[in-house]
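Naming follows writing order (A, B, C, D and E), and every chain is counted from residue 1.
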């Protein structure tokens, strides 16, 4: 007979659940409202979602202040793990979402925005991602991951056109395969250590002195494949360009930022201890993957004719950069990862926002994709301000100082240098140079070519609205004046990462 | 105001540029000229307030930006950078004033003002990252200028220019990060301040690698053989104003950076690489001069001549003594003036005929005597005629390097021969002979606006050729402190013997911290 | 006295500037008169200085201002008027004043009259800097300055291809030598720490022989260029494309002697290195006969005179090289007078003959141009070294020097050259002024030059006649205060007389031979048919030993071709192509591997699995290796053993 | 012959490989989804076995959640297929290649 | 011994079934084989004493999932024979078999399995379901709830995607139907 368990409510630390519950409640509320009275305007749902995200953000902030005073907090039968990484990741997830979501209030009406479920799913997805980062149990990670993934598949498909479905189906199928890999990998670790909690796994493996290295490697291999797929590392990246192209630009931008940071945190949790415990194999394989990811995706980005696909490949490349931070695995590099990602978010928000603003419902004559380079040609003549802003984002993505992403790159490369990864630092630097080409290509089109005949400048801002413009404006300011934010960010992040033991 | 004059110099054009968006199109040129003139006046004021006898940095400003990572906004100026800043302001002014009627003149002027910000920034930055920021940022306006107003191959040329320099400087960035890391290791504090770095003594093998990393960044910019091929394209395709600024100021960033970074940071590596670099410089001098001789396009001749002259500058820098370095800095200014003027002159004829092929011309001396005269003057300055500005620089650079190697100086001295060959033959093709082409028969001579730009340049060319003292003195003082620093810092015997010790009687004890 | 120095120096500059400001406007005679007057002022000032020096006054030395100062290098604009420079100043100002006045007439019909005087006066200014500077850097300023003016004046008629070509040739060849000069200056600086003559020469006494030798050689290379010594001599003959006053002033009297001046100025250096001096002397002697031989057959009056100049420069170097610096300087001075005279006379002839230069198309001009004929004949006599004209005193002295120093080969060569000199000089005199009238049939109507031109050049005539016997003593007195006062006396009077008279007879014989051969009424105009013209020697000489041909064919052409190769093959096809190639490789890799993204879901899944399997294989390989590490090691060690 | 944990692991691996074959081979999306179910199921076997041999319930929990996930995936997957099928009347993945490069 | 026989039997059966599932060209066969395979899998669960899991497996898979798939098959009309263009079969089989062999290579060796402590040990004499419930509602309460959210998400997704709303795409329609209708209402 099992003993009844007595647990005091305080010991559960239910407060740790609070940030995740906020979007869940928000989502349910939205569904409820829709059931009670249908046909309400999207602005209401956007406002509600933003509201809940704000509350969420504040909740995370309050857990951040708890972290500052109490350090890492475990909760709900030690299932929740609120450490610095979790908080940072949640801040990025929720913060970035606040900016990406309102993009649906655009000048033109697209399918997803008219559906209240879109916002519900969006909030569920946020909740799923939050759960994912705030735990070290492989089970909760898996469930959170699937929650968000399933929501994302639907969100992509809700754009409701052939390419979106195609994208969703592709993403889904590959996601299912990755889920298989993930569960297999977890199984191996479980078999080895009898636990599915990363800390536990780490301590057991360390206690065994990595006796079953073969098993560990097999598990790591499967995990690497699964995570590699999720954050789009070469050769698991093949979904990314198609999915970006198929989704709306706003969604693509979101995909390039938010889910990935959650994954990075998980990867960091899982791989960091493996790398530090001298699993040289992982270091070598990660090294190869990182270099491949950065380099190959850059080369593919070179040959793209569509800006969104180009940005997709560029996002892959940036993910490679960030993986390098995990490979390096020092406090500085982990700090750099978050810094990089925050700055990358600001820039990518702007870049995809601009694409979104230029979205038209029908393809231009002679164009096969939404955002071909030609569409932007001669923008300096038709929409000078828009051209300059877009150019700014491109320069930032290229890592040109003093724009946002440069500082991330700087700190990241510096962490490589500090940790003795000289060659890696050089590879990163040279890849930035290669990347320069395709970002500059867009600038070339915008600033140095004549506009298409059919393009009188309205196309570029065809989908604009005050909201979209404000968000882009915010991204612009963020990108230009990033330098002033870097110092406080750096201190903040360093404190959180360092105190979480990474 | 004098306390913040450098920041004002940097950001005034940028702010003015942003305000420029509001200016009505027709008044834009007037606006641009006035802004540039104010900037130039400010730079002159800087010069007059500059204490020529001091060797250290002046007008320093320091604001921490990223304290945890040691990045600060530090600006300051010494004799090495002072005149390039003045020159940058001067050329922007002249450039805007002489701007012929181009499309989108508003964009052009705003771009030029932005470019000016980056140019001034590079030369006054005393923080490596700040330097890097301006260094990279300067590529963008230039990219736009070449790409939007250039010739038929403009996009290829501009992208090549951008990417080549960008790639090179990223390697340099890695070097900077290493340097900061070594500083961190030695002191426990992150710092990118150049003056802090100057105190750091690195082991020789570190120096060698870091020197190479910095070298790649600088060499592409200079541009040194074999990294020079972007330059002919950039010059060939750029509009006149682009070429002028590129040749006069932007190329100097590389050579300036050698003096600011490579020499004082890595004196032993500089000694170690002195001969290889000198050989590269000689190849630059002779080889590119020969290539220039083979050109059919007058602008390409001037472009390649730039490379050739930059070779002399490099040689002077790696003389590692006061004479050579002072000479090379002076030659930077001189080459700025002269090649800037030459590009302006090429622009004059291009405006009239829309071709730069020398075969299209001939006998212009009788059609455009004033033009021919000023061109001739600049030509003579370019080939290093004494009493013109170039000679002082070349003479000092070569005499400086002569201390290090006699044979190499002899080879490098061929600059005065090969330079004369291509320049004179180009001049002959364009200006001498009968006027054969009908289209050339009635070309108007220099207009007032063109003279406005060219006469000051001519005056400077002669004036500084005869009386370089006001410029040489401040340079000399600053260079002496650099050379002394190098001597004190150097650890190998080779470097100790190659780099002269200026303080003869005082025995210097090394107090700086050694990198662990 | 300093004020006179400045006047002497800057008066030509003011004149030049004055003419230059009028440069773009229409021809005005005033643009010629003012510079001429200012030059005269300069001449007067120089004379006062000469008087000052002659009367035992102090050497005038001023430092106007600093030019360059950095590190240990200190170069002022310093000027010195001592015995050497005052001689040069006198020669320069005198000849140039005369040439200026002459040119007012000569250039009368030229559109670019004003420009001509601007450059001509600028040349004088540069020359004054050259001779008056108190340091090597200042010398170099003048050195390059005269080169520049020479370039502008040779190419004065810039619409003529040959003129501009010659101008560039002269400039570039001089530049080659200037490099040597520059290196010499560097050597001086790094070894003595200064470029001031006085201090540098003082410091040289303590230097080792090798350094001094190099210094001497490099400085002399500089001198070789300006003074057109072999093998840098070809430009001088081509420089005759310039207007004749230019040839007279620059390419006969002044600029080309700058090299001699340099050697004389550096006598303290060369005295320390007699072996270099011997080399200089030998080269001088060689050039003397080499140039004279080419003058024998040339069919261009100006070129003949140019070769003669070259030959005389050889004499000067021979003297200077043998340590007889004052003799060299003396010959320099005398030569300036009669050679300028000769050129100006030739100018008159050209003027009369509408710029025709072939003496075979003249003949019998003596009838219409009596004054010119007398002048040129006397100048030629002086050149040939007939007693008591200037050439005798200076040239014979050089022969004596060679003889007394027991350099008999040099002596013989120089002696033989003296004969050749006489021959070719009188060959053209005879062809121009005597014999049959060959020009009327060609449509020429010669006339005598303007009176004032003739008057202007008459001082030269007088000097050519009297300079020798009136000045030698004073000159010796004066310059030997600065230069080694070596007196050359043949030990026995008998030998001396035999030598002198023998030389005179030899020369006179040559003159007669020339007259006889070319005054005949039926001289054969060379047309490529005569036996002599087909002889090897004649061809060699008329083609200037094929040296210009060699330069053009093998140096100029290969330079041009090499340049094209560098540009088209190396720069574009190797250096640039590598850069583009790297970019291309990246781009093509992207292009070729993008098929990986076929858009087909199966392919995408397959890539994922391939990735997994690859990682797995690595993992398993690594895992198995670790697991069986002991066994593997055992096997390996077994293999090893 | 004792059936050990390794037996189950090997079985799981074999089943997983079969699933992989299916994923790679199938062009019909529905059948491709079948294969993904096999992948997840194969892992479940292993989890249950490990749970058994370690005497620990966590494995069963994991398997339980995997089943839940598999079920959810089916719902979403079928939803996507239905939309696609409505438009294109096929569920052949070879037809889906409008985006490439 | 019984365990061994059962293991091999069911192993053979599941492998066969699943193999049929992935190779047959008849969709119906595939579905049936899959369902059978799922049930055979549950047999392992029972063998291993995970009764609750076995039950869930049968209920969820054979019940819910298979029903959904069956419905899907009817909807997609895939009862006819499948024509699948095949790429290179060897690559497919090669890759999969290689993956299996690689993993088996490692799995063939026994694990060291020291230091493993069962966090949630099975208690003797307590029913599996009870145990599972105990753990599920304590330790795994949060995942359980998240799984609930996940199922909700899946449900909403399914509904949204399959609903009629998706039939008319606003993304593709040129005019703005909602605003049109609104205008219609107001006017």
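FYI, a contact is a pair of C-beta atoms (placed from the backbone, for glycine too) under 8 Å apart; a residue touches a chain by one contact, two chains touch by 3 or more.
Quick caveat, the model's predicted, so the values are computed rather than measured.
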{"item": "Separation of chain D from chain C in steps, with touching chains one step apart", "value": "1"}
{"item": "Graph distance between chain B and chain D, where chains that touch are linked", "value": "2"}
{"item": "Most centrally placed chain - per-chain CA mean versus overall CA mean", "value": "B"}
{"item": "Farthest-lying chain, centroid of Cα atoms versus that of chain A", "value": "C"}
{"item": "Distance between the centres, which are taken as Cα means, of chain C and chain B, whole angstrom", "value": "35"}
{"item": "Whole-Å gap between the CA centroids of chain A and chain E", "value": "27"}
{"item": "For chain A paired with chain C, centre-to-centre distance based on mean C-alpha positions, whole Å", "value": "76"}
{"item": "For chain A paired with chain B, centre-to-centre distance based on mean C-alpha positions, whole Å", "value": "43"}
{"item": "Per-residue multi-chain contacts in chain A, two or more chains", "value": "139, 143, 146, 150, 153-154, 157, 169-170, 173, 177, 191, 194-195, 214-215, 217-218, 241-242, 303, 437"}
{"item": "Residue list for chain B, restricted to those that touch at least two other chains", "value": "163"}
{"item": "In chain D, residues with contacts to at least two other chains", "value": "5, 9, 16, 19-20, 23-24, 27, 33, 54, 56, 58, 61, 65, 68-69, 72-73, 76, 79-81, 83, 93-94, 96, 98-101"}
{"item": "All touching chain pairs, where touch follows the definition stated at the start", "value": "A-B, A-C, A-D, A-E, B-C, C-D, C-E, D-E"}
{"item": "Touching residues (chain side chain D, partner chain A) in the complex", "value": "5, 9, 12, 16, 19, 23, 29, 32-33, 36, 39-40, 42-43, 46-47, 50, 54, 56, 58-59, 61-62, 65-66, 68-69, 72-73, 76-77, 79-81, 83-84, 87-88, 93, 96, 98-101"}
{"item": "Chain D partner contacts - residues on chain E that touch it in the complex", "value": "1, 3-4, 7, 11, 14-15, 18-19, 21-23, 27, 30-31, 34, 37-38, 41, 44-45, 48-50, 52-53, 56-57, 60-61, 64-65, 68-69, 71-73, 75-76, 78, 82, 84-86, 89, 91-93, 95-97, 99-100, 103-104, 107-111, 113, 116, 118-122, 128, 131-132, 135-136, 139-140, 143, 147, 150-151, 153-155, 157-162, 166-167"}
{"item": "Partner chain D, residues of chain C touching it in the complex", "value": "594, 597-602, 605-606, 609"}
{"item": "Chain A residues touching chain D - in the complex, by the definition given at the top", "value": "138-139, 142-143, 146, 150, 153-154, 157, 162-163, 165-170, 172-173, 176-177, 179-180, 183-184, 186-187, 190-191, 194-196, 241-242, 245-246, 303-305, 309"}
{"item": "Contact footprint of chain C on chain B as seen in their complex", "value": "160, 163-164, 225-226, 228-230, 287, 290-291, 293-295, 321-323, 326-327, 363, 365-366, 369-370, 373, 380, 383, 385-387, 391-392, 395-396, 398-400, 402-403, 406, 409-410, 413-414, 416-417, 420-421, 424-425, 428, 431-434, 466-469, 472-473, 475-476, 479-480"}
